[in-house]
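These notes open a run of structures that come right after.
Common to both upcoming complexes is chain A, partnered first by chain B, then by chain C.
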Partner chain A sequence: MTDARQAIESEIKSNDVVLFMKGTPQFPMCGFSGQVVQILGYLGVPYKGVNVLDDESIRQGIKEYSSWPTIPQLYVKGEFVGGCDITREMFQAGELQQLFVDNGIAVKQTA
Partner chain B sequence: MTLSDWITQMLQQSLQPTRLDVIDESEQHRGHGGFREGVQTHIRIHIVSDAFTGKSRLQRHRLVNETLAGAFDRGLHALAIDAKGPGE
Partner chain C sequence: MPMDAREIETMIKAALPDAVVEIKDLAGDGDHYAATVTSGAFKGKSRVQQHQMVYAALQGRMGGVLHALALTTLASET
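On to the complex of A and B.
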């Protein structure tokens, strides 16, 4: 197993919610990453942001890890959820909120 | 052939869509890291196909990604996908 793969597995095993993204939750460097940051922020879900721009081996490794060609990538309890489009569609349908609740992750109550 | 033409052709052949829009949005990303002058880097797809019926969002996106795997070697940086079955 490569170092990158080990590092990725370590992140998604030790954090309930992990977002592999470009930039940081405070300063997203890409509009697609920024959309997912906004959604997670709106739901008040704690998560770990991993900036793939900091490490080229993670940037490539995460694409191979889930056979998914683009970033961002959202993981919940070790499971790959999707990228920006899927996360947004699930949020709009209320399915993302349900996914968090089903996994025992508190979601901010919204009106 | 432009990248969007190639994408259109690949999707037509593989997924026989009943509706397909392939939109080049590269210009909207001017100034952003993925932008490259004169290259189609950002593409949005709206596709309706029987191939998606009964499939999850992840499975639908994977089907499109696999069909277009070569696009990232042709300069593509970002692919936005809206994939639906007929009547959805």
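On to the complex of A and C.
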């Protein structure tokens, strides 16, 4: 297994919520990553931000790992949830909040 | 070389013949679009699977020449 894949799997397995993104939660470097950061911030969900711009092998590896061509990518309890569009759609439908609650992850606001 | 809206629509329809495709050019630079795709093929599929079907139709351009495609997919009743 490649280093990138190992690094990805260890992040996903050791954190309940992981957001592979461009930039950091404090400084998102892409509008789409920033949208997901805002949603997670609004819900007050603790998560691990992984800046794919720091490591090209992670940036490509994550796309192969989930067979999803773009960044950001949200993972909850090891499961790929979606990119920016899907996360936003789920948030607007209340499904994202439900997903967190179902996985025992505290959510501050239920929108 | 960015893509134009017609090319995106043609590729999606080639893979999803019954698809109704609406495309908005978000930035006028040929690589930031919003698209709504409605197809019977999405029925029973999760959102992730539906989006992956559209990305597959775009044959690897997504995330490459096509930097951003804000995608909404709807399963039609047909």
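Keep in mind that, in the parts below, the second predicted complex is superposed on the first by the 108 of 111 C-alpha atoms of A that agree within 3 Å, B and C clash if a C-alpha of one lies under 4 Å from a C-alpha of the other, contacts with A are read in each partner's own complex, and residues count from 1 in each chain.
The criterion applied here is as follows: a residue touches a chain if its C-beta (ideal position, glycine included) is under 8 Å from a C-beta of that chain, and two chains touch if they have at least 3 such contacts.
Given the structure is predicted, the values throughout are model-derived calculations rather than measurements.
Colleague: Where does A:Phe32 make contact in the superposed view: on chain B (first), on chain C (second), on both, or on neither?
Modeller: both
Colleague: Applying the touch criterion given at the start, work out whether A:Thr2 contacts chain B, chain C, both or neither, answering first, second, both or neither.
Modeller: neither
Colleague: Determine, under the contact definition given at the top, whether A:Glu89 touches first (chain B), second (chain C), both, or neither.
Modeller: A:Glu89 contacts both chain B and chain C.
Colleague: Touching chain B and also chain C: which chain A residues?
Modeller: 32, 67-70, 80, 82-86, 89-90
Colleague: Going by the contact rule set out above, which residues of chain B touch chain A in the complex?
Modeller: Where chain B meets chain A, its residues are 29, 32-34, 57-58, 61-62, 65, 69, 72, 78-82.
Colleague: Per the contact definition, I'd like the list of chain A residues that touch chain C in the complex.
Modeller: Against chain C, chain A makes touches at 32, 63, 67-70, 80-86, 89-90.
Colleague: For chain C, which residues are in contact with chain A within the complex?
Modeller: 47-48, 51-52, 55, 60, 62-64, 68, 70-72
Colleague: Could you list, by residue number, the parts of chain A that touch chain B in their complex?
Modeller: 22, 29-32, 67-70, 80, 82-86, 89-90
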